[in-house]
Structures are given as structure tokens and as C-alpha cells.
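What follows is chain A paired twice: with chain B in the first complex and chain C in the second.
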Partner chain A sequence: MARYITRRVLQALVVTLGISVLVFMLVHLVPGDPIRVALGTRFDQATYDALRERAGFNQPLIVQYFTWLGNAVQGDLGVSFRSGDPVTSTILGVLPATLTLAFASLVVALVIAIPLGILSAVRSGSKLDYAATVFSQFGISIPDFWMGIMLILLFSLTLGWLPSSGYTPLTEDPGDWLRHLVMPAVTVGVVSGSILTRFVRSSMLEALSQDYTRTARSKGLHERVVVTRHVLKNAMIPVVTVTGLQLATLLGGVIIVEQVFSWPGLGRLALIAVQRRDYPVLQGAVLVMALTFLVINLVVDLLYAWLDPRIKY
Partner chain B sequence: MSHRSVVVLISAVLALVAAACDTGDPVGVDDGNGEPATGGTFVAALSAEPDQLDPHLTTASPSFTINEQIYDVLVQTTPDLQFEPWLATDWETSEDQLTWTFELRDDVVFHNDRAFTADDVVFTYERIMDEETGAANAFRLANVDEVTAVDDHTVEITLTEPSPNLLAQLSNGGLAIVPQESVEAGTLESEPVGTGPFRFVSYTEGSNVQLEANEDYWGDGPHVEGVEFRFISEATVALTSLETGEIDWTNHVPPQNTEMVRDNPDLESDAVPSTDYWYYAFNLEREPFNDPLVREALAWGFDRETLTQAAKFGAGTPNQTAIPEGSFWSSDYAPYDYDPAVAQELLEEAGATDITLGLMVSDEFPETVEAAQVLEAQWGELGVTVNIESVEFATWLDRNTEGDYDAKLLGWLGNVDPDDYYYRQHHSEGPDNTQNYANAEVDRLLDEARAETDEDARKDLYDEAVEIIVDENSYTFLYNPDTVEAWSPVVQDYEVRADGKNLFGTVSLDR
Partner chain C sequence: MAADQEQPERAGAGAAAQVDDRPALPASRSRAAEVWSAVLANRLAVAGLVILVAIALAALLGERIAPYGPTEIDFQARLEGPSARHPFGTDQLGRDILSRVMLGSRISLQVGFISVGIALVGGVVLGLIAGFYGGKRDDVIMRVMDILFAFPAILLAIAVLAILGPGIGNAMIAIGIVYVPIFARVTRASVLSVREEVYVRAARSLGASDVRLLRLHVLPNVLAPIIVQTSISLAFAILSEAALSFLGLGAPRPTPAWGLMLAEGRGFIQQAWWMAFFPGMAILLTVLAFNVLGDALRDALDPRQKSAIESRGVTA
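On to the complex of A and B.
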């Protein structure tokens, strides 16, 4: 097991390194650089040249990359080209908002997916199953930005129940924090939940068709006991994996929803960094996203092994 | 359903119920006399975040809006684009036009309680002119030779050549007066200190900027306790927030919403002709656009009215020159009309009947895409194939500087002096002349106009220059957009300005 973990960690590091090289190259090779963007249309060649020299952009790309890498492994992700703030603290600054939205969305998603998925599997073919399938289709197909805006128009404008955008930290005002969280979490959660619903359903159906289920039923157990005590746990194992992957994606920031709700998360940070060609922030953000994804993947796989005693690494 | 799921479900429902109660409306302070209350926090929504707050280094318009509350400039533009005293009370020019002497206010205090003196002006301008600083607006002081403090409240600026546009340059927000000690301590960016009506409190990245009233402000106001800037990228959300009362003001009103905002009885708004202009230009190093006949033909081949309507939904004024009507400097030269027959004739004369061109616009400025679509349609009727290249702004800028385009369409914002409108783009040595236009007569006229201090003579020079520019289509000017802003009825004494600045010092809230 320890060997497995070591191997996975090393793999994750190699993948992260590869991603960092890819992002570095892409962002530097794409037209436009942060200085040109910063100077905008009132562009002065002399100022541009001087600032470029100062930022070290005239050095060969390889040198720039290894300089960045060398600092990164020491925990120094550089400073934002536009604001001069350290990238590490900027990213840490957006973490609370990102984590809040990711976990809240996951809660919404699970609240939708688990009951709905289980019930539609258990009552497969019934009207409930049909309704659940339609609902999950709807949830997957609907563009999240549209749903977000619709929710805002309904709950902020028409009903006046919820604030239309922004984020209040939990430590500042828990009530306000929750009020700002509801709509973004529902927007993301419905989509995520719809995906999970279908997965829960198919996973349950598979488990329900297994021999051990037949055995449990033939023992004369009540159907509810069969489902809850025998089938559920087995069906949930693959669901854990998929949920983990969903969480990993959410932690990378849901850019579109963050834009709609002006939610100061990692996705929005990365988007603005792209527009401004703010290389250090962009590289830092992508690095964090990649590492998060890989770490969660590893945790989910380990969890998987713990849940299912048949699996040994 | 498992026990766990039930617990989660109930918590979620409770959360929703809790959320539904009480939106927490702000409570205003009323002095009870029915007069506008002094107090409350003015909440303003911007469409984007500032990149940083150093007034000399930033180029982002949200940064300018925030800095307009914190800092002051030496002279200020008036609504009709003349100049009024601000930190300077009076000024005079020497006989040879090379020395300007400014008298300064003696009652101004920085937010750190230090009195403002002439040394601050000297330090500020020297910092901007210093190459090491990398100030984006350094070019505005290009003609300045020296800045000296004659005494505590008098500053002298000596120039290398007469510069009638000096006041326009000094009024620009990029030349805000900053305190030396903040710059030297390296804290100017993180803890801005200025002389303006509002003091910096905090900047929570991604969220908001908080300012509080400067009780010791030298001018009129402030009449609110503070200003909060929020960043709302979606216009629909910004306008919704305005209607629900979550915010008090926004400048994020896209063209397609201007009519809706105007007709909404619960909102106040205003559209003021701005100093911006939008244009298209061909790359004069590429065939067949190097042929003035071809450019002329295309200028006859589209309808400015339709284009302006499509791009701005009526919040703009078509213009065949750059300077908006209503300005002393504007020219009414308008030789073109929408006449496809003439266009067709000219194209045939030029022998260019099968043109394909790429028109570079940016989807970060949706009005350019709309305008391009009109050109695509109308030029299409002449047999010209237009490929609209809608790129990210960063890419647009890059390709613009490299000269990598057939045709481009964009605008120039925040122009005050006629020199701003024409020099950099149409002088053969102009830094923004990426279309490679060179006309010796235009050069001469623009150089002379730069230094001409008699206003009428100066206007004649610009009128002459612009006629050549329009005839030769160095740029083909399209329209001057309106500046549209919207606010809640509780906001009193706010006016939308032609120069695009937003000054909240005079604003009060009547909740």
C-alpha cells in the first residue's frame, strides 16, 4: 500500500510538471503579453521595451520557465504582473470562496442525486423514474449561466429574497454568507446533481441485479432492508469515485458561474489572468487546479480501497 | 432513504428557509428636515476589477474610477471640456509660451494629515517622467523640460516647445498628485494616500473596495459616509442589483440595455455625448487598401446611421470626423454619404472588384462586432467579402502593434484636446499610427497645431488636417458614443460627465 501511494504521488508530480510546461508554453506563445495589455491602446514603444526588460521577458523561454519552476518548488509562485501582489497569497485569498462554493454545490448535488437516483433505480420503469430521468436530462442540458441569471431574476429582482451577486465571508456574517451562497450553489449543484443522479441510478441498478441481492431477497428480507443493508453500500462505491471527480472539478473553480455571480473564486481569478496575460497568476492558478485534481484523485482511489475490501493495491 | 440523506435534506431546506428571510436593507440616516441626508454608504458597481491602484501605473478604467475619489489633479475638466481650478487656483503662461506658472491651494491636506505643497507636484510629475517608473501616462509630459517649486504654493513648468494642450494633459487622472513618503515607503499601491474627497480603507480582491469620507476635504463634500465599489461582470446582474437597491450606481450599461434603463420608472439614468470616437482603418501597407480610391469607395459603401444604431442602439452620434459636435474643436466636414452606386463605380475605376478582407475586432467590445456585421453586409453588396476576425483584446492589441491586419475596428477613449484626437494616429511619426499613414502636409499641420496657442488659428489647422485625413481615409470615423450611467432615485446631485470621469464628492443619498 505504501509503495502504491509513493508511486501515485510521484506520478502526480510528473503530471503536474508536464501541465506546468504546457501552460507556460501556451500562455507565452499566444499573441499578446501582459505589458501590451497593460499599456492598452495608448502604447509607447519605449515604455513597452523598458517594462519588458524589467520583467525579464527578453530572456529565452527556457530560462524564464526554470526560473519560475525553481521559485515555485520553494513555495514562491512569483508576483502578479498587474498588481505586484504575491501569487501565493492571492490564490490563498480566493480559496475560502472556492471551497465554500465547491462543497456547498456538492451538498446540493448529493441531496438531489442520492435520493432521486436510489428511488428511480428501486422503482425502475415507474413514473417517478421517468420524471427523474427527465429532470436529470434538463439539468445536464441547461446552460449554467442561463440558469444562474434566471435564478437571479426570480429570487433577487422579482421576489427580493436573495442578494444578486457577491460573496460575504462566513466569519463576517454567517447569515449573509448563506444568502449569497444559495443561488450559485444551486446553479452548480443542479447540473452536478443531474450527472450524479444518472450515475447513482445505473450503479444501483447494477447492484440490484447482482446475485447477492437475489440471495438477500430469497432470504425473505423486506425490500427496504435488502436495499439499505445490502445493495446501497455496494452501489455507493463507484458513486464515491465519481463524486470525488466532481469535487475535484468544482475545486478548480466554476468559471462561468463565478462570472455571473461575481463570486471571487479560483476560476474567476484564472479567467482574469488569461485576459490580462498575467502569466504568474495564471501559472499559479493552473498549478493549484492540477495539483488539487490529482490529490483528490489519489484520495478517492484510497477511499475506494478502504470501502471495498476486495481491492488491494 | 438513508438516515444520512434525510439529515442533509433537512439541513438544506432549513438553510433555504433561513436565506429567504430578511434581505437586510441598508438603513439611512435622515436629519428629519426633509433635506437630503448626509450619510450612508454609496455603493457603486463597476464591470471589472482594478488591476492595481497606483494612479501613475494603472491603465484599467475601474482603477481610474476608484482613484478619482482618492486623488486630485492640478486642473479639472468642466462639463463642456474647458478647464477649471482644482488643486491649482490660477495659472499663467510666459510670453514665449514655454513657462507655465501655477498658483496652488493652501488649504489642502493629504489623507495622512500632511499639508500639500508645491514639492508634491514636483515629485509627482518627476516620478511620472522618470523612465524607471514605467508610467503609462509619461507621454503626456513629453514636452516638459523641468518642474520646479518656486515656493510652497507656486509651481513652475518649463516646456521644450509651446504646448497648448498642457492643461488637458494635467487634468488626466494618470497625473494625480501623490505624496512622496508613500511612494518611497512602497505603500502607495497597497495603502493609497491622496488629497481627494474619499480616503482608502480596504481592497478585498475579487470583492470590493471600501472608501470613507475625508472630513478635511478642501472642496465641496463629501456628503456620504463612504463609497463601496463592487465588481459585477454581468450587466444583467448589475442592473438587477440596481433595481433591488443592492447598489446605488453603475456605469455598466451595455448598449442593448440603454432603452430599457431609460424607460424604467424605478431608475435614473443619463446619456451624455462622450469624448470617445470609434473608427475603422485599413492597413495601408497591404494591397489593395493602399489605393486611396479603394478606401474612398468603401467609405461610400456603408451607412453610418445603420452602423451606429446596430452598435449603440441609439446611444451614439454618427460622425465623419473624430471630435464630437458640441465641442469648440469639432468640424462639420462630412463629404461622404451612403451611396452604393458611387462605391461600385469607384471600385471599378480602381480595378479592384474582387476584394476579400479580414476585419479585426474584439468581442470584449461587442459594439465592434455589431459594427463589423453591418460593414460585412453592406460591403458584401458591393462584392467585397468581409471575414470578421473577432479576437480577445490582448490579441487585438498585439496584432495591431505588429501591423498584422487588413482592417481593424475599435475606438479611442477619453480624448480631451484636439491633439489627443489626431496626432498619435495620423502623424507619420505618431506612435499609434500602425496603419502606416504618411502625408507630409498632415504632418506639417499637426506639428504646427500642437504649438499654436491662438485657439482660432489652431482650430483652422486641425480643420484642414482632418479634411485630408477624411479624404484619404487614414481612419474612417464612425460615431461618438454616449456615456450611459444608471443610478437609483435615492442618489442626489450626480451628473454624468462628457470626459467620462466619475466624481462622487458631490453625491448625497436620500434613503
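On to the complex of A and C.
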């Protein structure tokens, strides 16, 4: 186990380095002079020279990389080409909105997936199972941005129940916070929940076909006890893994849904940075997303090994 | 990630072991017929096939069966609701939405097939090498795949498009790159499970070269999960293209791309809901069709494989 942990952590470190190289190279792979492009019509030589110097573009690439990496490790991701604000504080500023949407969506997803997945596995082959399959197929296939627009059309523009866009911090006004959160969270949650439903179902089906389930049944245990105590416990191990991966995806920013609902999160920040060619912001946002994904993945893998001691590495 | 888990399971997977050095093809005619009839027995899959045939016809015949030209402007008929003349209504320039949706299928299918083709070729080659040779090559390839995999799919595509510039051709390349790691992983996992099979070892002991081994013995026996992944990836590639077009990074105006139509329709959502509704339905039905087909194929080809579709790309 210790060897496995060491190996996984080392692997993750290698991948982290690779991510940092790729993120760093992003600016240099884009054709044209990023600072000139970012300044656009506001170009003046003094600002340009200052930004170039500040970005360290006058040094060799390898020196630039290590300077950038050294700063990034210390939490300094540079300054925005556009606003001149530090990237780190910009990213910290959008984190509450991103975390709110990610966790709210995950709650929606689990509320859909756990009961639906369990029921459709326990009553495998029934009408309910079929309906759950159809639902999850639709949920996986639906373009989330289209669903968001349709929800806005129905609940904001037609019924007038919910605001069509924006975000209010919880600390400011909890009611308003919730009203703004419902539609984006449902949009993301339905898609995520459809994926999870399938995992819960297949995981339950597998546990239901195991020997220990047959043994539990043959002991004369009530079916409910068999399901809750024997099947569910075992079936939830892989579900934990997939839920973790879903969370990693959601934290990486649900870029297009954020865009549709003008949700000021990490994804929208990255998208705006692309549109404005504000590369330090883009680099910072992408780095945070990729590392979040990597770390959660690592934690999930280790958790999996810990939850299921049968797994040998 | 946790690659070793995949190794011990599925011993004896693949087609019947053949000891001689003849191709071990699982997709013989009878097997193909078997798979086909299993797919046809699945009601959802049949519905998916019907949708796909309709979409393919619209893409192939396009202008010849569409009631209007996709870029035909008619200012007399701006923002008209669905009617007998315009079953899906018209947009802000009086263009017929039905005709545009029909022609849009061509772009979606094109992008889907070409980008998945890129991902398929790249991913399968890398996965074969990684799984078959193991060791350093495996480590290097799979770590690079891990790096690519760590980026949110749509963001990676956006970043590639920032480098290459927007456009439909570049969108295909971007989506292709995004899906390479999935194919590499699926292929590698399957290769690991057949690498030590008797028929592979037998062929090797008969002096078969690596290329021959990979082509005739390994590849045919890892095809099932790759075929399934292809169908599912087609669904996600089409969804990704729509998302990129929606963001204005795909096809330029006035191309009838579904994502682009949806973005335009969003601006008129209060006056003309049909502008956003029908292109979205078209995306939904196409993606759904490929997804159910992928599921049916999995059930038919490889019943033991869990419905563990890769989640990425869906919640981008």
C-alpha cells in the first residue's frame, strides 16, 4: 500500500510538471505577440515595454519557464494583460461561485442518481428500469447549454419565477443566492446525475450477482436487509470513485453553462480570457482546473484502495 | 490511472483462442450477423438507427430535399413561427429553420466522423504500443495521456483553437486531440488483457514479428471496446462541435451549424423560441442516437464490459 501511494504520488508529480509545461507553452504557441494583441488599439510603447519586461518575455524560454513555475509554486500567477490585477486574486475571487455551483450540481446529481440507480437495479428489467435507462440516455445526450436556454425560456421569461442569470453570494442574501443557483445547478446536475445513475445501476447489479448476496439470501434474510446491508455497501465503492471524478469535472468549471447563466465562475473566467487574449489569466485558470482534477483523481484512487482492501497493487 | 487493476480481470476475453498463426478474427460473418441481430432486438437502438438514417439522408441529399436554401434570405418572412410554409419557423433574416437544420446535419456528421477518426487512429496506435510493449514506452505515453486528460475537454479544445485559430477544420483537429487519450486508454487496457493470451504467445513462438502480432492477433481481439468507444465518442464529438460553434469558435456565419444557430437563436429567445429549440433538438436526437447505438453495441459485443462510459465531454 505504501509503495502504491508513493508510486501514484510520483506519477501525479510528473503529470503536474507536464501540465505546467503545457500551460506555460500555451502563450508561446499562440501566433502573434500576445501582449501586442492584448493591448490592441490601446497600444503605446511604454506600456508595452513594461508588460513585456514584467512578463519576462525578454529572457530565454527556459528561464521564463522556471521563473514562471517558481512564482506559480509561491502562489504568484502573474498579472492580467488587460486589467493589471494579480491573477491569483482574480481566481480566488471566482472560486466561491465555482465551488457553489459544483457542489450544488453534485447534490442534484446524487439526489437523482442514487435512488434511481438502486431502484432500477433492484427491479432490473421492469418498466421503471426501462424508464430510468431512457432518462439517463437523454440526460447524457442533452446539450447542457441548450437545456439551460430552454429552462431560462420557461422559468424566467415565461413564468417569471427565477432570475435568468447572475450570482448572489450566500452571505449577501440567501434567498437570492438560491434563486440564482437553481437553474444552473439543475442543468449541470441532470447531466451529471444521468452518468451517475448508470454507474449506480451497474454497480448494484454486479453486487447483486455476487456469492455473498446469494449467501445472505439463503440465510433467509429479508430482501431489504440483503440490499441495504450487503449489496449497497459493496456497490457504493465504485460509485464513490465516479462521484469523485464527477466532482473533479464540475470543479474544473462548467464553462458553457456558466456562460449561458452569466455565472461568474472559473470556466467563464477562462472563456473571457480566451476571448480577450488575456493569457496570464487563462494560464492561471487552466492550471487551477487541471491541478484540481489531478488532485481529486489522486485522492479518489487512494480512497478506492483504502475502501477496498482486496485491491492489490 | 490505476492501470494495473485492469490487468487481472477478463482473462480469457476475446474470441476463441487459436493456436495457429492465422488471424484470430472475432468479426467473422456469423459474429457480425449475431451482433447485428442483437442490436436490432434492442428497441432503443432501433430508434437510434432510424434517427441516424434520417440524419444521414438529410446530410447526403441536403439541398435536394430541403424546402429552401439554407442561406436564402426572405425579409418578408422574418421571425415567423412554425407554419405549413415553414414547419420550424424562420430566423431573423427570414431563413427557413427546417432547411438549415437539415443542412446542419452535414457539418455535425462531418466533424463527428473526422475528429473521431483522428482520435481513433492516434489513440489506438498509442494504446497498442503502450499496452503491448509496456515498460518505458508505456510510462511515457500514458503520462502524456494523463496530462491531456487533466484538462477539461472543452477547455482543451478551446485552447487548441486559440493556437490554431477558429474554424471548422481546426475544430475537428481540436476535438480529435481531446479524444485521443480515451482511445489510448481503452485500447491499452484491452491489449493488457490479451497480451499474454495463449494465441498471442503461440504466434510469437512461431516467430511472428511484432507488427504481425499486433495487426493479426492483438488488434482484432481488442476491437470490441474500441468499436463501442467510437460510437460513444461520435456522440460526444458532435456535442463538442455544437458547444464550440455555440461559443463562436467553430463554423463561421452564415454556415448552418446547429451550435451556431442555437447561439443566434439565444438572442431572439423571447420573440422566437423556435430559433433555438429546433437546432437543440437536432443535436439532442443525433447525440442520443449514437449513444443508444453505442450501448447496444456494447451489450452485443462485450456483455461483461460495464456501461462505464468515460464521463468527460459530457459536462464540459
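We take it that the second predicted complex is superposed on the first by the 263 of 313 C-alpha atoms of A that agree within 3 Å, B and C clash if a C-alpha of one lies under 4 Å from a C-alpha of the other, contacts with A are read in each partner's own complex, and residues count from 1 in each chain.
The rule is simple: a contact is a pair of C-beta atoms (placed from the backbone, for glycine too) under 8 Å apart; a residue touches a chain by one contact, two chains touch by 3 or more.
Owing to the predicted nature of the structure, the values given are computational and were not obtained by experimental measurement.
When both complexes are overlaid on chain A, the residue A:Leu106 reaches neither chain B nor chain C. In the superposition on chain A, contact of A:Pro143 is made with chain C only, not with chain B. Once the two complexes are laid over each other on the shared chain, residue contacts for A:Thr228 go to chain B alone; chain C is not touched.
After overlaying the two complexes on the shared chain, residue contacts for A:Val254 are found with chain C alone; chain B is out of touch. After overlaying the two complexes on the shared chain, residue contacts for A:Leu157 are found with chain B and with chain C alike.
Touch criterion met: A:Ser202 reaches chain C, while chain B stays clear of it. Judged by the touch definition given at the top, the superposed model places A:Thr41 against chain B, while chain C stays out of reach. Contact with both chain B and chain C is seen for A:Val30 once the two complexes are overlaid on the shared chain. Of the two partner chains placed around the shared chain by superposition, chain B is the only one that A:Arg268 touches, whereas chain C remains out of contact.
Residues 30-31, 149, 152-153, 157, 259-260, 277 of chain A contact both chain B in one complex and chain C in the other. On the side of chain C, the complex with chain A involves touching residues 1-2, 4-5, 44, 143-144, 146-147, 150-152, 154-155, 158-159, 162-163, 165, 235, 239, 242-243, 246-247, 262, 265-266, 269-270, 273, 276-277, 279-280, 283-284, 287-288, 291-292, 295, 306-309, 311-312, 314-316.
Across the complex, chain A is touched by residues 1-2, 5, 8-9, 12, 15-16, 18-20, 22-24, 49, 51-52, 59, 131, 134-139, 189, 204-208, 230-234, 236-237, 240-241, 243-244, 246, 364, 392-395, 397-401, 410, 412, 424, 431-432 of chain B. Taken in their complex, chain A has these residues touching chain B: 30-33, 36-47, 50-51, 54, 82-85, 90, 93-94, 97, 107-108, 110-111, 114-115, 118-119, 149, 152-153, 156-157, 160-167, 175-176, 178-179, 182, 228, 232, 259-262, 264-265, 268-269, 272, 275-277.
Against chain C, the residues of chain A that register as touching in their complex are 8, 11, 14-15, 18-19, 22, 26, 29-31, 133-134, 137-138, 140-147, 149-150, 152-153, 157, 188, 191-192, 195, 198-199, 201-203, 206, 242, 245-246, 249-250, 252-256, 259-260, 267, 270-271, 274, 277, 282, 286, 289-291, 293-294, 297, 301, 304, 311, 313.
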